[in-house]
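Order of writing sets the labels: A, B, C, D and E. Residues in every chain begin at 1.
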Amino acid sequence: MDVIIDVKRHSYDDLLVLEDIKIQVREGEIVAVIGPSGCGKSTLLGIAGGILKPSEGKVFLEGNAPPDCLNPLTFIFQDFALLPWRTVEQNVGLPLEHHKLSTSDRQARIADALQRTGLSDFAKALPKQLSGGMRQRVGIARALVVKPAVLLMDEPLSALDAQTRDLLMEDFLDLLLHERMAGIYITHNFQEALRLADRVVVLSRRPGRIKEVLTIPIPQLERTNKAALAPLAELGDRLWSLIRDEASVADREVIHD
Amino acid sequence: MDVIIDVKRHSYDDLLVLEDIKIQVREGEIVAVIGPSGCGKSTLLGIAGGILKPSEGKVFLEGNAPPDCLNPLTFIFQDFALLPWRTVEQNVGLPLEHHKLSTSDRQARIADALQRTGLSDFAKALPKQLSGGMRQRVGIARALVVKPAVLLMDEPLSALDAQTRDLLMEDFLDLLLHERMAGIYITHNFQEALRLADRVVVLSRRPGRIKEVLTIPIPQLERTNKAALAPLAELGDRLWSLIRDEASVADREVIHD
Amino acid sequence: ETVKIGVAKSTTAAPVYVAVAKGFFAAEGIDPQVVFFEAAQPVAVAVVSGDIDVGVTGFTGGFYALAGQGALKIIGAHSREVPGFHGLGYFVSEKAAAAGLKTVKDIPGHSVAFTTVGSAFHYSLALAAEKYGFDMQTVHLEPLQSNPNAASAVAGGSVDIAMVPSTSGLPVVQRGQAKVLAWVGDETTWQLGATFISAKTADTRGDMVKRFMNAYRKGARLYHDAVTGPDELPKNGPQTAEMIAIIAKAIGQTDAEVSTALAYADPDERVDVKDILHQIAWYRAQGMVKGEFNPEDMIDKRYMIPYPQK
Amino acid sequence: MTEITAGGASVRREVAFRGGGFIAMPKPAYSWIAFAGIIALWQLAISAGWIDPVFLPSPASIVEALWQLTVSGDLWKHLSISLARIGSGWLIGSGLGLIVGVSMGLTSAGRAIGMPLVSAIYPVPKIALLPLLILWLGIGETPKVVTIASGVFFPTVIATLAGVDSVPRNLIAMAQSFNLPTRSIVWKVLLPSALPGILAGFRISVSTALLLVVAAEMIGAQYGIGAFLLTAGNLMQSDDLMAGVVILSILGLGFGAGLTALERVLLRWR
Amino acid sequence: MTEITAGGASVRREVAFRGGGFIAMPKPAYSWIAFAGIIALWQLAISAGWIDPVFLPSPASIVEALWQLTVSGDLWKHLSISLARIGSGWLIGSGLGLIVGVSMGLTSAGRAIGMPLVSAIYPVPKIALLPLLILWLGIGETPKVVTIASGVFFPTVIATLAGVDSVPRNLIAMAQSFNLPTRSIVWKVLLPSALPGILAGFRISVSTALLLVVAAEMIGAQYGIGAFLLTAGNLMQSDDLMAGVVILSILGLGFGAGLTALERVLLRWR
């Protein structure tokens, strides 16, 4: 299933945040969106997922969702968005509760999601007992349990420390490549973009517009090879030069109130 | 001025956190400390700075502080630790207020610190009006204003987004290399360690012990050269292999209460 | 037929207790339920709200305010302050007594504590002012909302005089913290309160009211004759002890406490219309009762017996 | 969305909006309309005879009572006296509460000793103790001010303590790492940081002070809003009674608005 | 440290400790000692004749009064009646407060209409309204329960509203992104998330209920702790009065401990 984003304009009150954003993500493709702080990346993803209404524009889904898909457009959140009073398995089960499923089907889905995120041993733990990395695994399991067609990821690794980030990124890639989902991956980090994405959309600073779209021609699984280091480093330099100035201006903006 | 850390043991109640840590940092040298979450890095730095009492062990300073040094051991904090009700310049001036200084000396110090961190235009701004990167600059300016002999940095960049981190790291390095201070730099991120440090101390998971000390033989200013890429990548692989397993075990610990 | 009778918890409603104890109400086919209140004011309110059928308490500003709106009808008397009966008293602090405050005439310039503005004490003091010709403005009134507060104030010496019932004042005197200055009944005679019903009861339950008053007057007569001599002064007769025992049981105090605080009751519960008009005039003059109404309208002549005017 | 999940031919469907809600936007017009509606209904109910004015005075008669009170000059007399009592009681209670609260927050011993006492004394109803209070303090201004101050003291202690507890530890460690003297840490870090909590406590203590003015003026007061209310109650002048209630409400709203303004100034940095 | 900053020959100096403090450790022993000390001093002051027992009854006589109350069986009678009133008043007030608070938190109109009314009515002192309350509701159990319920209602509304407001927006967006129906969002996300705030509000409302039992039992009550206190006050039996106060204090501490236990169970996840 493909997702087609066509946002002409979005503003909060008087603040214009997004302008002329057209992105189509095909089934099996991962598109990273990168841009300076406050340029409207989260806003864009919210619009894509139908939880924000764009001032002007539309989002379409095209094609067929997997047969057992319960929630085609599914989010993974930066701050995990777990319910702290529910155990891991209750959190993962939340999106199933309002669907008519047999108990065994429900349990099978939960068990499968936990197993694929390496959480099987932690089913009864509460979020507060887990490290950040494990909490985000719960967030991922909760997304997988509904068998999504499109995965919307808002800086899913940025709240984690560097080591956990490195550890989780590989697992993440593995999951993404195994499901034939469309994925939109918001990030600040061009290393993550280079590791995961098929295409990278670079946004300008606010109001966010598409500044450039970079295609990464190397398959993800080959990117750790020695041979890929040089071209990836070059792409990285190019990305960094695209965002560096925008980022440093955005960083130095004073918020008046 | 050198700092000599000699912690035999430190525990919180029954929880043993550090064991047998001996580190000497010489004037002008930057030592990075890397280790998995919860291994006791912050605890170690607190002990080094005299704001935590080790269960067993001592910290020494050796040599002479700069003549105008007001606070030899000075921290830069992960969460910036700014007073939100004070403007940038008032925050930077805080450590001077209980010292007998002439008004002009005080103002000169503040102006100098702001200028060196690129904050001169933001003297009257409140912390809430600044981005994370700018806030950490205030934290750095506040440290510089007392002309420290030893700079203790607890993951100073880890609360920032990836782009700001990249932007600030270069400025940081510039500052560190210009002052002949001793620096201890706690981090999770081996890329940061490789960029900044003369030596990298790798701690095991809790209870933290010194697992290995790596010396980086390339001068900091030459590390961005093409020629340095290969040896640095090798050091990086080595570092990652040293911490990878410890980190993933630490990540999967369930906190019981 | 159940009739709820609201009274303030004191000796002044003695005829009610006697009529209950002696079965006079039962004889009239009435099942009496006495409901005790901490103060007189809420009784009037509860009669208006219909929770209480008959109220037997002292007058208050609030009573007249409700009666003035036509909500209450007076059908009989309540206790009177008369010479010899020690209901309400003037209690003087040791300090003020030592400084020469000896009689009611000396009150001007002194502070007087009592429950509330517009209370029986307030009115009594106004009568004393009329009698002795002093100006109420020269008296420092200290409304303290409750009798124990007023008694506390005189005990601690923070006011010169407390006007409280003997039940609140005498314990302070016994502890040596105050002296009796005078009794209201000895100084100024007046009708302290009334038996009253709501306007609705007066119009719709006339038969019950008549039967109630019959029984109630029997109780009053018995009580009056037991504790009052032919000179209308207190006496200790053969039936006095029995009356004291009935009252003590009803209000949960000891016989000794009750015996010092026996109140006067008119044998026929006759209503002193002239006195009531005088009271209303005073309340009006003070601005405590507002609105236009004919005071005569608050007395239901169908049920009451007027007090002979001298 | 269901059509899509159901599968079928390759179709293009617009994504439906599923967010929004769960956030209350300020709608001041609603407030005014609601207020006006309630008052109009109330007046109507009495004018039409559905409610007996003995039971509930009409808005018109309450306004009339307020007007009388204003033109006769009594309003000002009552108000000024009560405000003086509320003001001094509140200042004393808050001042002591702040000092005690900070001391309890700073020292283990202070907290260990203070906390159980505060918990034990806080729920004691003030009106029940009035006779004793009169015995101790007489009937002058002192017991009135003490009544209000004691009501204000406890919430202030609790709010201050909570405020001090919520001071981020890292700010204190920062100050210590720069060798700030303890006194400076208290004044420059602890108190400003606890200020939002303390101001939140003031909201409670100001309401408490208003509530207690009635209890305080039970003690031998001729003038004051509380005394006025009590007298109106004693005389069953329900229009005056409601007028007094309205005055207290307005005072409460006014103090609340004042605190909001104060917060806006003092907590601009948030 | 100063020696080092002063410069001079190359010396080795130990770094001095400059952290610590500013954190209160639980010291239960101090609490007990303080309590015992205060009571001992109080008893001494009276035994030695420094304080007249009329002004302040001695701890011994208060204990004696409590004992009398217990053996005579009156304690239980008063307590059970008051607890029934507090319990039903609290349940009604909290129940309505929760419903109103959640509705106000969920809808803009609800908040716009409710908030000014709540702010206006909250600071009205209940005792001042007793005469009207009797007029409206008579003198049975109803006005007593209503007095307590109305005192409980307002803090509950405010705490619930604050709790609902503090629900993280991201949790609601998460639930919406999984198409959870609104009812589920309220029950599964909003209410559990607001629970800590609601429980904190219960602390206030329970104290309020205890305070108001005295006001409530001013309305023609023969039995109950409040009525007992009032009678003791009327008769100037200060030992009984203080015994009643002690009972209220103990009730307050007991309810507080109960809530703490409840929080420990319900908020284990924090």
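By our rule, contacts are C-beta pairs under 8 Å (C-beta built on N, C-alpha and C of every residue); 3 or more make two chains touch, one makes a residue touch a chain.
Note that the coordinates shown come from a computational prediction; the quantities given were computed from them, not determined experimentally.
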Chain of greatest Cα-centre distance to chain A: C
Chain A and chain B: spacing of chain centres that average the CA atoms, whole Å: 32
Whole-Å gap between the CA centroids of chain A and chain D: 46
Mean-CA-position distance for chain E and chain C (Å): 40
Residue numbers of chain E (touch at least two other chains): 1, 18-19, 54, 130-131, 135-136, 173, 176-177, 179, 230, 233, 236
Where chain B touches two or more other chains, by residue: 46, 49-51, 73, 128
Shared-contact residues (touching 2 or more other chains) in chain C: 41, 45, 48-49, 62, 146, 148, 151-152, 155
Touch relationships between chains, expressed as pairs: A-B, A-D, A-E, B-D, B-E, C-D, C-E, D-E
Interface residues, chain E side, partner chain C - complex: 54, 130-131, 134-140, 218-220, 222, 230, 233-236
Contact set on chain B toward chain E in their complex: 1, 3-4, 46, 48-53, 58-65, 67, 69-70, 72-73
Chain D-facing residues of chain E, complex: 1, 18-19, 21-31, 34-35, 38, 54-56, 104-113, 115-117, 119-125, 127-132, 135-136, 167, 169, 172-173, 176-177, 179, 182, 185, 190, 207, 210-211, 213-215, 226, 229-230, 233, 236, 238, 241, 244-245, 248-249, 251-253, 256
Residue ranges of chain E touching chain B (in the complex, touch as defined): 1, 4-5, 7-8, 10-20
Residues of chain C that touch chain E when the two form their complex: 35-38, 41-42, 45-46, 48-52, 62, 146-148, 151-152, 155, 168, 171-172, 175, 177
